[in-house]
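For reference, the structure is listed below as structure tokens.
Labels A, B, C, D and E are assigned to the chains in the order they are written; within every chain, residues are numbered from 1.
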């Protein structure tokens, strides 16, 4: 029978990894909100964020803030390239949505291979932003980096929510996803908006990667598992809303850690995904996605 | 006896009562119209009757049997078929195929029959092909039978939806604004189609804003406003009904519409 | 940045709900009938097939796998193409087929054909049981739920070592055969798989143009419209799902018997990605598309194998070009040749 | 021209989870081919290495094995660590009567094992060297296991559970993980809560970095991490996090790369030197030797068997290979025989740790 | 044919020499091989109210879409003398050419208010002007004020049509193109909208209206184009078409 401390520590650990999932999930929301596309290349944006920052921080010795900023800008630029070179031409040819999603998978493969060729396949990591730690609350340990993740995650969620509901550009982005023709007829530059969404989403992915690399590592191949977990988190939350995505991630993390305690790590995904299925059966739009249900 | 009999039918959304305790009897063989201002609750009423929305309160009986909360396909199978205000065509299918789908209830055969194609099944398929074309000719779409349904202009899409519903051989046909988007001539043609099938025995319940059409073909009219039934009667009664004029028609409207 | 032609154009026409909820049926059906172009494509595939058959070598294996994946895709096409639903988890049923065949043959000594059929039955029942609650979901949520099914099956096949031997994999699975006659020769195997795939296509074609197939296709574009005409949507979706599962299971079994070895990775995410590629490259919702896609997407990596370290890059680039320039699949290119060509192309 | 070269095939997981290991395996093979060809080749012919990426999945392995058999007409295989891929191909390679040298464990079917030779140290050695270390150098008596479900890992876990008693140790927690997991805190927390003083990690690959990070962020500053054999880059990266609390079994050559004197047996040192000198010349300082040295050995031994058999015909080469007898290689000593197809029969590992970004042997416990 | 009718109205630029608000010359458009619009000439002067009539499938929608650059067309479109035939849709919109689509084209998952706000997208952040326009639209369609926070897709058919027209007005158009705005509206509301259009027109707004309901459409229009099979069959002064006038003779043939 696990002790209370052990249980609480497991819960904290679950929240910790859940925040990581949630952070990745947030990036999905932007492109989805703007186009209805699930960008499976989102995971590689996360990966690239970590890779670039590692290169600038460790190899070139830049200060963290500068390394992070430059990485975010660079990844955002890659997001723009993905849009211009792949998504836009497909969209303009009326490609089915799932074909575009498939294309983002091909983009993932492409970027991964380019990373292997240019940066190698070794994993990299760098230290926590704040040295020392963990914070000890009695016997419970919480890593400093978690506070960074939590803080930045909350900030990202808040800013995104404001952006989508309160700003003209944010509204316009959502409009593009719902009816591109109508949006264009109102003077919204639809292509530019979509491009913006890819840039923003890539930037968010990069930020996530920068924040979570210290808790683990990054390497050319982490995009797929990152993307998968982020996608699951976003679905649990209810696709398309940043706060829900973050919460969905936390929920996923907590369920997984509970599963490890109860049935062991081998079946943790089986349990977590079964829980997900059950959640979906009762909340077919995700836990926090009740809005806008059609009759 | 009434073919469709509705008692106390109510639908509430969050704070809004879209349909409020409506009683309605549609006699077998009649051509019945429901009119009312925008947002009066007409479509919501249809949605409940056809099983697309669960009512908050009330009962719906069709041909003597209670169909409240029955699944949509069961209701259709019972002989109550509807069209939609926003057309719901099968876009990837041709015009003829759309109508062929309409024969779903009138035909049988699943995977096994499709694989083995026994002679009854082949006959049935041939029959369906032929009758689909007849129906299309009947509503005036014979020329575009092999075209992609998606590419029809709006008015023809509405006609196609009517033809498709007819294929299901409904006892009661619910039409939600079938004349929207049709011009005067096309509306006339549609009116003839509706009257013709009514003569052949199909009961029709019709939502329409085109008063000229309604007053010309409907036997009886019910008027909804703010979810409530404010009047019911023959076209003549309704045209003169003060509440209806106030709520819906507007003083100057009646002559205008009549002459169109 | 903006080319006015590309920026305008009818490209905006589709709204999101069009794109998410209803999969691709709009493109599909009008190209679906096996017309002239279909015959052309079939002839091309037959030529490729003949070439590989005569040339021999490892391309036989490539083609064998293409036939197996093709069978999988023909099944998936019932659910994703005709019915317009998303499933990212059909690999689960392939795993049931594969492991069913392996275990039934190796542990219980069943003859391969019988094992294949029994495994299909198991997969069918499994699809029925999980599909019944799951198929109420739509769009991305259905995609996710099915994705979860695939992941769960994967993890179970890894963890349940007493049954599946985990990552160690299952070896020594006997080849297909009847009685004492085993199909051992690579060419014979290929022909056998080809016949099975043709049979699968024949079923697909028959079902598509029937009352059953029309109902599926109706559901894919308008569920309300279909329901209003009396189509029992849950039942038809479930039927399509089960059919897809039966095909997937058969494909999984065939893999086991043809290769003689399976392990969880065979039925992993890779399979989902590969089959999706095939479905979209070939043309989803068409009868022949899945088979064409399977052959093209299987041969493509071999064509670019010569690029060595750049193989994946070359593959991804070619795939992207295909998706960009034939976004509705290769068999949709044929639409250009048909009268009343369907889709307006921007700037053309 | 085909007759002028002897082609050796290699199925490698150059992408996917085997990428790092198999990348090094390829380096070793290439080096051996160059060295052999410089000396005139084998049987008077040049050796040629044909390798294909199996993407770390069996379906691809089947394809590339077949491709190398039918297109390149290789006469033998020397393949990487993706066990499942090698298993998948084993049946038809066996039927074609081609010998296969493997970085992975042996296939499970008896008739397939006749044609396969494993250069991977048996899993028991990895476990025992760590247990021995705990027993003799520390007073830790309770350990927790954290392992992945790879074929090699599963075997190792079996030994870890069986052997503990022998070394006076108790396994108080038996946890598992998956290669791609992003966090192991829960498992580590449970191992800690069970009172273990050391984690026996079972499984190669990047995960060790995350494990080290997790131990650190849980503030477990007494916990030792005894990892599996691994690539130099990973060892160094994890060592950077945990310092000398991260210990791992290593073939001596991996530690001795800058100081061959660490290898005491002169014969072994000579073999190592023959390997390391060209390796350094080719790849500079940043090299890993734990995989590549055995790859090198495997190819040299294969060449020796061909010379002995005076042919490249499969059956003859295999029989000759079984007769090579004791062989002191750069990575380990081997002793293959008709009944022994796992060549490493003596524990080749020392326990090492990371010191100033380099690997060091742990002589004194801490 | 209708050559006589077609010359009843002088289609040359207005006497003051100003270029017309919009002028279309030889505009054609096709979907694949379907020539939905054969070369068409059409003009709306400053402050003019022009109606396009025509049977189903005549190409009316296509005409509007081509002007809005939603379908690529061949031919020349100029707006106040400026050639816009190569501009992307959103730039055309920014010039003040605003279109109410057939089938409404709402942002279904957004609220009524958000839809209206997006109508004023071109205004940027200018708060006061937006408020003023809100007031105008709400006055015109009080229902929209009541339902300001309802999700657009859940509005009734007619309410959605009101929203579509309201949203277009939020854009402060120079030329308002409407594709069957009366579709699904109760007679009172339909004539209400028409009245509003009339008033907007009196205040100088140019309007190009596509309508099936001839009587409604003719009440306000100065000129009428009759479109059939993708070509302009006639161009008539509206007052020439009384209730007695048989439009059908232009439709067929």
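Annotations
Here, a contact is a pair of C-beta atoms (placed from the backbone, for glycine too) under 8 Å apart; a residue touches a chain by one contact, two chains touch by 3 or more.
Source: prediction; values computed, not measured.
At the far end from subunit E, in terms of centres built from Cα atoms, lies D.
By C-beta contact pairs, the most connected chain pair is A-C.
Averaging Cα coordinates per chain places subunit B and subunit C 39 Å apart. For this pair, subunit D with subunit E, the centres built from the Cα atoms lie 74 Å apart.
Each chain gets one centre point, the mean of its Cα atoms, and the points for subunit A and subunit C are 29 Å apart.
Across the assembly, subunit A contributes 112-113, 178-179, 181, 183-184, 189-190, 224, 266, 269, 295 as residues in contact with two or more other chains.
Along subunit E, residues 31, 34, 70, 88-90, 108, 154 each make contact with two or more other chains. For subunit B, the set of residues that touch two or more other chains comprises 52, 151.
Residues 15-17, 19-20, 23, 149, 175-178, 180-183, 185-187, 189-190, 193, 206, 209-210, 213-214, 217-219, 231, 233-234, 237, 241 of subunit D touch subunit A in their complex.
Residues 1-2, 6-17, 19-20, 23-24, 27, 80, 86, 133-134, 136-138, 140-141, 144-145, 147-149, 151-152, 155-156, 158-159, 269, 273, 276-277, 280, 284, 309-310, 312-313, 315-317, 319-320, 323-325, 327-328, 343, 345-346 of subunit C are the ones touching subunit A in the complex. Put simply, subunit E touches subunit B in their complex at residues 31, 34, 53, 55-58, 61, 102-103, 143, 154-159, 161-162, 180, 183-191, 212-215, 243, 248, 251. Taken together, the subunit C residues at the contact with subunit D in this complex read 56-58, 60-62, 65, 158-159, 161, 166-169, 171-172, 255, 259-263, 265-266, 268, 270, 305, 309, 311-312. Listed in rising order, the residues of subunit B touching subunit C in the complex are 50-52, 71-73, 76-77, 81-84, 88-94, 97, 100-105, 107-111, 113-115, 117, 124-125, 128, 147-148, 150-151, 161, 164-165, 167-168.
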